[in-house]
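Given below, in the form of structure tokens, are the structures.
First chain A sits with chain B, and in the next complex the same chain sits with chain C.
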Partner chain A sequence: MIGAYFFITMIRYDCFSSIGLEFSTSSSRVGDHTVNYVALKMLFGDRAKYLMLLCGLTFAVMLIVQQGSIFWGLMMWSQASITNLNVPIWVTDPGIAQVDEVKPLADTAVDRVRSVDGVEWAVPLYKGLLRARLATGEYHQITLTGLESATLIGRPAEVLEGRFEDILQPDAVVLDQWAVERMGGPTVVRVGTIFELNDKLARVVAIAKTQKSFTNIPVVYTTYERAMRYVPHERRILSYVLAKHKDGVPVEDVVQRIRTQTGLGAFTQEDFGFKTYMWVLVNTGIGINFGTTILLGFIVGMAIAGQTFYLFTIENLRQFGALKAMGASSFTLSRMILLQAFTVGLTGYGIGIGFATVFGFLTARGGNLPFAETWQLLLLVLVALLAICLVSASVSIIKLARLEPAIVFR
Partner chain B sequence: MNDNSQPAAVRARGIVKSFGSGDTQITVLKGIDLDIYLGELLLLVGESGGGKTTLLSAIAGILDINEGNIDVLGVPLSALPANKRTRFRGQTMGFIYQQFNLLPALTAAENVAVPLLIQKVGRAEALRRARVMLNRVGLADRTEFLPKNLSGGQQQRVAIARALVNEPRLLICDEPTAALDGPNGQKIMELLREVGRSPDRCVIVVTHDSRIFHFGDRMANLTDGRIVNIEQISQEGTA
Partner chain C sequence: MIVMKRMSVWLAVAGVGFAAWVLTGANKKDSMPTPISEPPRSPYEQVIAASGIIEAVNENVRVAPPVAGLVLKVLVKVGDRVTEQAPLFQLDDRELRAQLLTREAAIAPLQAQIDEQKYKIGDLETQLQRLQSVHDERAVSEDELKRTWYALEMAKRGDQRLHASHKQAKAQRDEVTILLERLTVRAPRNGTILQVNIRAGEYATLGPNEPLMLLGETEHLQIRADVDEVNAPLVPPQARAVASIKSLGSEKIPLTFVRIEPYVIPKKSLTGENTERVDTRVLQIIYRFKRPSFPVYAGQQVDVFIERQPSSTPGGTPPSPVVPMEQPS
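Entry: the complex of A and B
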């Protein structure tokens, strides 16, 4: 939108002049607005220079937004196991580090949580790794997710094929779309396909749509009770307790009560997600590697933006000198430079975001690549770009302030 | 032609200007005394590097001097703070440069309007006056042309129109004919002489071009940072 606005501005100031209409349309604006007109004409007038400048800024913004969105998309993937289940409270082992590092609980944990004041309901969840053996003999590692059969709380919101409720049938499981993809595609795995989990039959009754996870291990849903049959016997099987606070009771209060009264770990969905992606950031090297890439992209992008605009001003120094000799004050010239900087900066910002969004739309369509373009990232880039425009304009302004207009006589 | 009975538009006394410092310091102006009167066109001549452009810049108030005083139209220019000097310059002076210094993105009319825009004249009014001025310099049919589409002589005429549009009392010209061929140079000088003959205006022209000497009223010779002589130029064009 911003880019479009400034493009329109450019067209108004540039193209109208070619048909001689620009001055017949306005007569009342006086003062510095008229000098603003000169500033914009100087900016848009030399198309080659302007487009070069715009390209630099657009590239810088696109680079930062694209890298930042991919990074944030990856972070979103790291929480997929949490967001796909979409429940308000997760009760865990008190020493839990992240969602995929399951530390089993005693079966009594469910009832203990249910007994906490302010808890509306609490259900068990199994989550663990198993190997699936297909009819072809191939093995695939899967994440088995066991949902409480009475409520199926934690089921995916969208089902692509079949009926999720059929999970209650004997040996029934539901796969997510990534499981189908990883296990050989729809010709190998589809509704009706039978495979083995720990030498026990599993029959696919539905395909659900979920957000891709960080590890991209296929997810197989079944009931909690059936999950107990699939997994090898252990003293503790319960992975998590999923819970909800009563209406009118703040979720944070209930979380705190669960911690205090049960001695277990308890988190809101958001806090557990944050804990997980912080763990990923700190422990996987993604933080440093990707952070470095983003930082470099940011520095390179901003350096390109700043330097390009600075060079633009330097190349126009003689013109500014002429204006100064004709009586333009340093304040007026500063306003002109700031106007030019912010105009081209915001235009580049709009176009850069447009390109980054198109990139995201084309490459991340269907959730195959991590790409999360958030308003916070766009705001951050906007602030950074405006800051760099301000800095480069300030450097130019300082140079201009020191400029002796006598340059025009040389 | 001036007979020195007119009041001085520019009164320069003891002007010294140096560049650099220490061993590398060069003194370009070494104590200049000069009066320029209303109603005259003064030619400033002399060898290259003699300080002509530096003196011109000092008189225009766009170059700080180290010593001396410059009064322009009764105002002690060298004593004014920078912002007031800039405003004074915009209101009272016009400039014509060897390289024209037109803004390439602006049409001829827009270029001419720039000094008025700087003086906060409304855009439509500035453009109207700019077109009138372009008509005066014979470019009525080129008002919407960009500088790149004008010949050198036409560009200089646009520059002259720009210098005159806010009716300056002091017109400062640096080698205005250097980039022009003979006939175009003569036409430009005719225009400048017409301006210089106005009783409330004066024109200073720095030049090396001996073909235009006869357009001046007086000719000051600046050599090695000093005015070595000032000559009255006869109506027949000989000094």
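Entry: the complex of A and C
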């Protein structure tokens, strides 16, 4: 979407220059099109200089976009448990910090949530860590996810092998593709494999596709009722109540109502995801580490962009001086510089995000690398880039304003 | 138009275009996969949800043995309709049967003794009559007469004692007979056998975890709905309600209010697990329903939605909600 916007901007800009040309023919303001032409000719004329400038900008943009996307990708991974289930409302203990930290509720919480106005449905969910023992004797820690058996709400949309509905068969479980990878690959674990969960039999009937999670603990799906058989004895089992608001009722209202009426903690999917990655940012080193990397990338990228452009102006100082000697006003010169700055800036931006996207597209396609490009990031980079172009152009403009035309003759 | 001649500009346009294409593809969020069956939804505006279980109208009878013992014969199978007093299973009665033999044997000698005593009395009576008919005091002494009279009276008392013993022996026989009869466990009322957990040859203990047999009336079923104690004050008596069985959430069974159980009990989790987990207390509400078009069974779990009136201002003390409705005949 945002890309399309910029595409239009580019075209528009192009139109501007053609309008400029027309202006020059129809109006008496001689030199309007000539000025634009000369400015661009100056920019493109020295191929080596132009390429150097473009490279600096391109890689600066690419660096920021790529780092930002990887950071955001990691954050997305941290809330994979939420997005993989893909339900609008999560209800649990009000003191919950993040999705993987389970605080069990009383069984009747499902009915209490169902009793709240505006709740269309509510189903129980079990989520907890357990050890799986393979036939080879290997142990693997897994996340057991117990879905409500009648509806299987919260199941992954895509199944790679088998049928997800077969989970209703006795002792059946469904793995995600990361579980297969972690447990030894498709030669060890496939549809039909039998392993033990807490000394009880589990049989793989399907393999589902999910988003990789931050901790990359394999996910084993089963039904809520069967999850109760697998897990060790606890007084409370229910981990989450998954709910949906009625159509036409704002989800925030329903969440608020669940909170006040039941005293439980209710969150929308987005809020809960936000809560989770804020927790990751605060409680792990990722926030600080990536934050500094991105900031450094940003500063370095922008410094390169500004500096290159400034140097470019300085090197063209003689030409500008000539123009000034020919009677061009400071305003005309400023326009020329701004045109140059934005042309090269936007071109560098386009190529930069193109490269970053290609990188992300090629490496992160399998889901093995966290890479999540968002339009917000691209917009932020664009704004920053335009700002830095503007700043370096202004510095050059100040330099030009003070320029003596006589410099040509020195 | 100098801009259009540059490769780099076209590259930039391509880059933006590619980024836009990837972004629109990546940010397309998958919608939730449709549930394999409809989740239970409430048909009313404001509701109280509860989880319930279908049970026989008159609570099920957990048939127990009168004494612990070996089961010899099971006379019914699951699903049999039984009438009141119909035999259900037979406990080992050989010991009592053996006792009955000795008890019965003890009666015959006593009977013989009674007969014997009768002749004795007859003999003494004739003797006494003969002696009394003789009026010559030299022929019959006073002493002899007296002794015969005493002997007769003694014999009569002996007869009474023998009769008492005979009665006692018979009572002892009857006792064993009754005890024997008790070893055949009979149906306390009409109903259907819902479960049989005992087989011939097994030992029936007193107070086992699972009933030996479960007897219930499956013609008329009712629903026992558990409402969390937190929601208990919100339950209006006589409220309309619907139930849906699991996995058939779209089929609603209309319910008729019967009563609210006046005592709030610890919730049993309906997990089917043998160890119950008590985590909260629940108010139980009984509802009656007509059998729907699809089969339902006693013991099935249901989701219940009870209609809640918009909260009105409470004026004075409301009448106790625990008032049973007229039982429909």
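Points worth noting:
Everything that follows uses one rule, which is that the second predicted complex is superposed on the first by the 379 of 410 C-alpha atoms of A that agree within 3 Å, B and C clash if a C-alpha of one lies under 4 Å from a C-alpha of the other, contacts with A are read in each partner's own complex, and residues count from 1 in each chain.
We take it that contacts are C-beta pairs under 8 Å (C-beta built on N, C-alpha and C of every residue); 3 or more make two chains touch, one makes a residue touch a chain.
Here the structure is a predicted model, which is why all the values come from computation and not from measurement.
In the superposed model, A:Arg131 makes contact with neither chain B nor chain C. Within the superposed three-chain model, A:Thr357 lies in touch with chain C and out of touch with chain B [touch as defined at top]. Contacts of A:Asn86 after superposition: chain C is touched, whereas chain B is not reached. A simple residue count on chain A separates chain B from chain C, and the partner touching more is C.
When both complexes are overlaid on chain A, the residue A:Lys41 reaches chain B and chain C alike. Touch criterion met: A:Glu165 reaches chain C, while chain B stays clear of it. With both structures placed on the common chain, the touch criterion links A:Arg365 to neither chain B nor chain C. By the document's definition of touching, of the two partners only chain C reaches A:Arg155; chain B does not. Touched by chain B in one complex and by chain C in the other are residues 17, 37, 41, 44 of chain A. Listing the residues of chain B that touch chain A in their complex gives 53-54, 56-57, 60, 62-63, 82-83, 86-87, 89-91, 93, 95, 97-99, 101, 103-107, 110, 114-115, 117-127, 144, 162, 174. Chain C makes touch with chain A in their complex at residues 1-4, 6, 8-9, 11-24, 26-27, 30-33, 35-42, 45-51, 226-228, 230-231, 234, 246-247, 249, 267, 269, 271-273, 275, 277-280, 282, 303, 305, 308. Against chain C, in their complex, chain A makes its touches with residues 1-4, 6-7, 10, 13-14, 17-18, 37, 40-41, 44, 50-51, 54, 86-87, 106-108, 110-115, 117, 120-123, 148-153, 155-158, 165, 225, 228-229, 233, 235-237, 262, 343, 346-358, 360-361, 372-375, 378.
Taken together, the chain A residues at the contact with chain B in this complex read 17, 20, 23, 26-35, 37-38, 41-42, 44-46, 318-319, 321-330, 332, 404-406, 408-410.
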